[in-house]
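What follows is a short report on a single structure.
Chain IDs A, B, C, D, E and F follow the sequence of writing; residue 1 opens each chain.
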Amino acid sequence: MTKKLRELVVDETFEMFVLLKNADVRLARNGKKFIAFTFQDTSGTVDGKYWGASDEEIELFTSGKVVFLNGKRELYQNMPQIKILHLRVTNEGEPSEPTLYMEKAPVKIEELQEELNRFLFDINHAKWQRVVRFLLNKYQKEFFDFPAAKRNHHAFAGGLAYHTVTMLRLAKAVCEQYSQVNPSLLYAGIILHDLGKVRELSGALSTEYTLSGNLLGHIVMIDEEITKACQELTINDTDEDIIILKHVILAHHGLLEYGSPVRPKIMEAEILHQLDNLDASIQMMLGALKQVNPGEYTERIFGLDNRNFYLPKI
Amino acid sequence: MTKKLRELVVDETFEMFVLLKNADVRLARNGKKFIAFTFQDTSGTVDGKYWGASDEEIELFTSGKVVFLNGKRELYQNMPQIKILHLRVTNEGEPSEPTLYMEKAPVKIEELQEELNRFLFDINHAKWQRVVRFLLNKYQKEFFDFPAAKRNHHAFAGGLAYHTVTMLRLAKAVCEQYSQVNPSLLYAGIILHDLGKVRELSGALSTEYTLSGNLLGHIVMIDEEITKACQELTINDTDEDIIILKHVILAHHGLLEYGSPVRPKIMEAEILHQLDNLDASIQMMLGALKQVNPGEYTERIFGLDNRNFYLPKI
Amino acid sequence: MTKKLRELVVDETFEMFVLLKNADVRLARNGKKFIAFTFQDTSGTVDGKYWGASDEEIELFTSGKVVFLNGKRELYQNMPQIKILHLRVTNEGEPSEPTLYMEKAPVKIEELQEELNRFLFDINHAKWQRVVRFLLNKYQKEFFDFPAAKRNHHAFAGGLAYHTVTMLRLAKAVCEQYSQVNPSLLYAGIILHDLGKVRELSGALSTEYTLSGNLLGHIVMIDEEITKACQELTINDTDEDIIILKHVILAHHGLLEYGSPVRPKIMEAEILHQLDNLDASIQMMLGALKQVNPGEYTERIFGLDNRNFYLPKI
Amino acid sequence: MTKKLRELVVDETFEMFVLLKNADVRLARNGKKFIAFTFQDTSGTVDGKYWGASDEEIELFTSGKVVFLNGKRELYQNMPQIKILHLRVTNEGEPSEPTLYMEKAPVKIEELQEELNRFLFDINHAKWQRVVRFLLNKYQKEFFDFPAAKRNHHAFAGGLAYHTVTMLRLAKAVCEQYSQVNPSLLYAGIILHDLGKVRELSGALSTEYTLSGNLLGHIVMIDEEITKACQELTINDTDEDIIILKHVILAHHGLLEYGSPVRPKIMEAEILHQLDNLDASIQMMLGALKQVNPGEYTERIFGLDNRNFYLPKI
Amino acid sequence: MTKKLRELVVDETFEMFVLLKNADVRLARNGKKFIAFTFQDTSGTVDGKYWGASDEEIELFTSGKVVFLNGKRELYQNMPQIKILHLRVTNEGEPSEPTLYMEKAPVKIEELQEELNRFLFDINHAKWQRVVRFLLNKYQKEFFDFPAAKRNHHAFAGGLAYHTVTMLRLAKAVCEQYSQVNPSLLYAGIILHDLGKVRELSGALSTEYTLSGNLLGHIVMIDEEITKACQELTINDTDEDIIILKHVILAHHGLLEYGSPVRPKIMEAEILHQLDNLDASIQMMLGALKQVNPGEYTERIFGLDNRNFYLPKI
Amino acid sequence: MTKKLRELVVDETFEMFVLLKNADVRLARNGKKFIAFTFQDTSGTVDGKYWGASDEEIELFTSGKVVFLNGKRELYQNMPQIKILHLRVTNEGEPSEPTLYMEKAPVKIEELQEELNRFLFDINHAKWQRVVRFLLNKYQKEFFDFPAAKRNHHAFAGGLAYHTVTMLRLAKAVCEQYSQVNPSLLYAGIILHDLGKVRELSGALSTEYTLSGNLLGHIVMIDEEITKACQELTINDTDEDIIILKHVILAHHGLLEYGSPVRPKIMEAEILHQLDNLDASIQMMLGALKQVNPGEYTERIFGLDNRNFYLPKI
């Protein structure tokens, strides 16, 4: 059986179907155009440059397409790289569906749905549960399809739901340890905290920020969604319990300079923020560490203050 | 005719009706209670301590009451101070309405309304005008009654409307100078930018933050109000023009660390932010400078990075 | 049965034994001395001032003593306060042991020891286990007796051990969720991370910083202790596994400006740091929230950027 | 009539005279030299690379020269670009005067002079007016010729005078609104605030910082100029009115970290600083926005914290 | 022979002449006035409160006066304090000259002058020497009389000259070690760097900031003084050597946020800045350390980021 | 006699032996590999690119090798550059020892040793002297061989010892001036302060950070070394004198954000920190200034906040 992209060793030649995750046209210093590709399959991504691209090829090989690639795995400044020997678009009958090649959440959607449902049952506060269910229904498809971010952490299809569920599990451990923490509030807040991203981002494939993502941001948009949900459910959104639910979500970036309009002023808001941070940090570190061998350092991770991490030999 | 509080000279004794703006009960070092009063009339405020207050007096002389004060104007560490000679509550028939003694906007409400109306006519964009009119109607009373802040700038009855109108005038000068600036957007944004304060603050008398003021903030609440207004007016709030109006308002604190969830990304948003800053700064400086004589420095102004200002002799 | 300090209602008079947690002699503005007491029992602390203290009384009523207090619970600027009616030292036969009145970890020492032992078994790496056991033996008494901080979080007898165990429990949830995390390294790091505090602080009663606490700090001192332990156990402390264990501990404050000489560069170091933060934050919030009623705000919490927190009515 | 540089459409070929605003010689990766040109005419600037430049061509085509360009307008990474087909220096009789191709203030010099004169009349304070007139006379030519900055805002010939006049207009609106503001002080301060730039910068063409610009800065140099003007006019420069005029100018960058040796401590100083900021910000945004179409984002603007701005479709 | 203020032991009663360094009238909580004195003699300062001061006494005992004090040395919150038993103004013939009681530079003025002269000889650059001599002559009296700061470091009569000379000595060691450093430039810069303080401060007794000190600052004022000196000496102040001398002085606070309008861009400017810092730091630490015994910590030092320092027992 | 690398003039061709300080293989935009060399001899370094390198050449010309270079000195973007005409490895009998081509301390090792010995004699405190001598013996070879940093300041063989001695000389000047400073403590601290770098860095040739350098840092490692030295010398490392010595060293980066786990709390610690800064700054400026001519600016210096410095014409 054929190897995947990140399984190739240096100098190995290969043929395989891959997704063009990015295809940027640039000008070489000799005045000719080339395409800077990022090839992707479920094992990850590798870059490769296509020199002297014709205008037809530029039109043909665009971001989001599946292609058949004949190449050689090389090493360039300690980073894996593909030398392109030949490239063609897929023929009829060949596996050309982009989602076949995209990274996925490490858990199946069905399992995530099931696990999420069990947490929904644990939201004992009626209004919160109604709001959460209403919004999960409204954005069900996107919730299980979207990444949790354009890049950085959980930037893969299903990342939003996966991140939500792993946070819920950590939250459960906190609630078991500290009986004073309100699980209903914490769970409801976690489930909704990043749901505004379904309006902030364009989707799972070639993810971009939308206009409202740029000008309003996902934090404000989920607040608007709760406001509208309350109107449809005829819940008074100036009741203390709704104010508190909104606060827990608005404050989840922790600091004003990270885009929350208020800092956490309720215990569950502070906990939600810290768990979000912890889960995203672990995911970013795991993503970088799986690219290196024991005894090596990772690339610098933008979302962790540009630190690089060491993978111990032990 | 009787002098006002800030017109008294040092060592002058007087009798007058004043409002108890603050009445904090504290413990003296001899173990007895005293009340730290802030007396107010339309000329400003002066502090005074009531030593050895009995429990009955503590119940009688509470914040928000009008009293008849017999006192002497003194100077203490360069700050004016009232030595209390006698104090009593008002009798029937005496002028006991708090608003009689509170600082007011330097312009009459009617004039503010009229001027505001002229600016409303200049909002040429139909949806923006409908939203602005809807919300001004909904909160008409509060808009012309509330202060623009709990303390710092425009902290007086009518301050919110006054601040809005002075900003509109400066905005007009900008629009006349730079034809590329969109007056409709700038005016609509200015009129709504602080309207969320009618939910953030408790009112003009003994102003406090409400729970939603603390947990959501006025910036998020005006966004919610626009969202609800659009639903009632059956305007699609995901249209670009509504997104832009919301952005201009969400961004008006300029920096994330000042509580805006997004930084200005539209020219009118940046201008609105800077005009807000300019108008508030001038108001704060005027408030402090009117308390001192030429050749003196003001108190330090919290809202201006704790700077004090010099009033030239020229 | 007699009430405890924090169970008294306003204006209630009472007699009880209490510990003098603090006894600061100050000068009143009339030139006479008074003592500013902080009274303590297991329910918490309340302040009270003793006016016109004689020199004999000043010598008698010192910090760390148990006294018999006849007083009245009052309210002063929204803070509970004791009006002292009478005060005397304990007579023979009366319960004068300070530890009877000090806050304790909410779990018994024996249970903490047992739970800790189970985690020790889960450290599968021989050298790490030997170092951890060696140092736990060396400082066994202090580990289960010391607070985790002079003030802020876990500032009670047994706080160090309690904080260590609650962190271990959260760490277990992380390890269960993310199989790539090394439990041995994370557990060993957690158990040792604050052990240097037994040299940094003077003990559980009247906790102060020692000279080496001030000049070296607990982070450097635990590194020294591991260095010495390795010498005694004839483990080479330049081996990678010891370097890594030291790193995980040195980096646990997360940022250089918080006193770690290096930032986390290993995944388990980053996780340890975030769990430390999370557990300390929850402990600080719980401590402040238990002093207020639903619908009220806590005091500002120094260790959480001086934020105050709201206890919802729900 | 021939199109201008910024009016060309993609793939259009053209012939025109243009100014070489920049001509940087660089080494291509094949070891050969090329020239990175920035072409300029009154419509703006576009870049273009000249591959394989000979040493003669490098000497011929230098910054500041006018050339005849035969080229093709292309698009490269979303930025307009010129593909150079042929290039030659101008022949006798052809329009080779650089100023013909440089961006200019949007108002004629004569109008700026006239408007400035009207403001000079409004400076009612004799000493201030004498100092201002003296320095305007001394640097008259440079004042109407220099840009207001090397890059960022008003970086065109006449930019200094244009920026001064637009600030004066906004200042007038402030003075009309707030009678407590001293127009003489504000106008005198505005006229002089950036005049030190005539010593800080080298001129309108190929603008560079001078040695004294780098080592002293324009803020200190205008202070020196006022000092010398006072000596020549036998005005005592330790009089309060001169101290105040100097302060208003020294403080105009607002913050110490932006190079003002003192922060504003006089109301007019604070207003001058904010108006300077506002006018420069608007100019920077207008400059960037005129390069894009509705629905697009501008380049990032260095002087506005590297933000990019959206041009609404409305 | 009588002891000095800081030589008294706790509970010792005494009679001596002292200077009233400060005499602030305040209001006690019983409504009566008291005076908060700072007594001073050449050994240092101690505070003492005068309770129940009459209006006559308030007029009599003002800052800057010498008085005859009968008091008792006490300890209050670990700080020395004077209990005032009796106080009277001096009679004729008694030593009432304030300078007799003020702290002085630890070296005689004559020695400072002599040492300074030797350094003047080492300024080999003619223009720099003429400027330095001109300004030293102009402000000779003030230079040897003024403190180097209102508080913090060298806040005593002669402090300015003393600080200048100790910096020159350290500078000499640097020049001897690094032959590339220009001694003429470094010495000239050091001698002038704080000379603007003779215009910034009001003098040695009851030192206050002048108006120009507040609005212009000593850094700008010494630049003005050099400008004027050049005009009187007919030196062209746009010559590179004068620009460099000015730069070295303008940049001596090192950072813009500390009030320098430019950062050091010449090696001697950077060295001058660091030596200034070093000498001031040592002086502040010495001042604080001489108040404590080995094994104790000093008060927190404002000018050193509020750190306190430990005096070792060794 | 042949010129050295930094003595060549533009366009001069030459033949000489040089060290390959760096040899990075990169990919040109035409898809071919090239080597980016940094050539070094005792006069400094210059870069040069080797286009179209074969795989054999890439293996041959590696970092740390001596080669015979036939080249031409060119100028590229104002930076000196070598155009490689021919390159070959050294033959037997040719001078191929890397140290012949590396920058050295400007003083001979023997002189540094002698001077250091004189300072050792001035450490009058027995325990400090024993610890210092013990560690100097243990790491004697490395101390006189290592650089003081990987790059930035004193990044040459012997740099560690040279930096130590020049700091000691400046310290002597401070001690002569201020008798209250303890020379024994200051000298002992200076000698040890950077000794941990012998474990942090890999050596003088191709200097890299070691794993313990990255994960523990040189500050913690010298503390460990003192701890171990005390054990071997049977000195109690919890004695105040050892705590103080450790503190002075731990605090030498001055600020927590620069990696010191404690800020200076002893006078000698603060002085050591500032002298370290001063000496390193001078060395960095000298290094940059010797590359330019009078009237020019240096490159930006990373370790001095990225400032560039001007070399005056005077």
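Basically, a residue touches a chain if its C-beta (ideal position, glycine included) is under 8 Å from a C-beta of that chain, and two chains touch if they have at least 3 such contacts.
Quantities reported herein were computed from a predicted structural model and do not represent experimental measurements.
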item	value
For subunit E, the least number of touch steps when starting out from subunit A	2
Interface residue identity across copies subunit A, subunit C - same or different by half	same
Chain whose Cα centroid lies at the greatest distance from that of subunit D	C
Chain pair equivalent in interface to D-F, over half of contacts matched, among D-E, A-D or A-C	A-D
Chain pair with the higher count of C-beta pairs in contact (C-E, E-F)	E-F
Chain centre separation (subunit A, subunit F; CA means) in Å	44
Touching two or more other chains - residue numbers and ranges from subunit C	29-30, 211, 214-215, 240, 244, 265-266, 310
Pairs of chains satisfying the touch condition	A-B, A-C, A-D, A-F, B-C, B-D, B-E, C-E, C-F, D-E, D-F, E-F
Subunit F contact footprint on subunit E (complex, rising order)	125, 166, 169-170, 172-174, 177-178, 180-182, 185, 240-241, 244, 263-267, 270-271, 274-275, 277-278, 281-282, 285-286, 289, 304-305, 307-310, 312-314
Subunit D residues touching subunit F - in the complex, by the definition given at the top	24, 26-27, 29-31, 211, 214-215
Contact set on subunit E toward subunit D in their complex	211-212, 214-217, 219-220, 223-224, 227-228, 231, 237-238, 240, 243-244, 246-247, 250, 256-262, 265-266
Subunit B - residues contacting subunit E, complex	28-30, 34, 49, 51, 76-77, 81, 83, 310
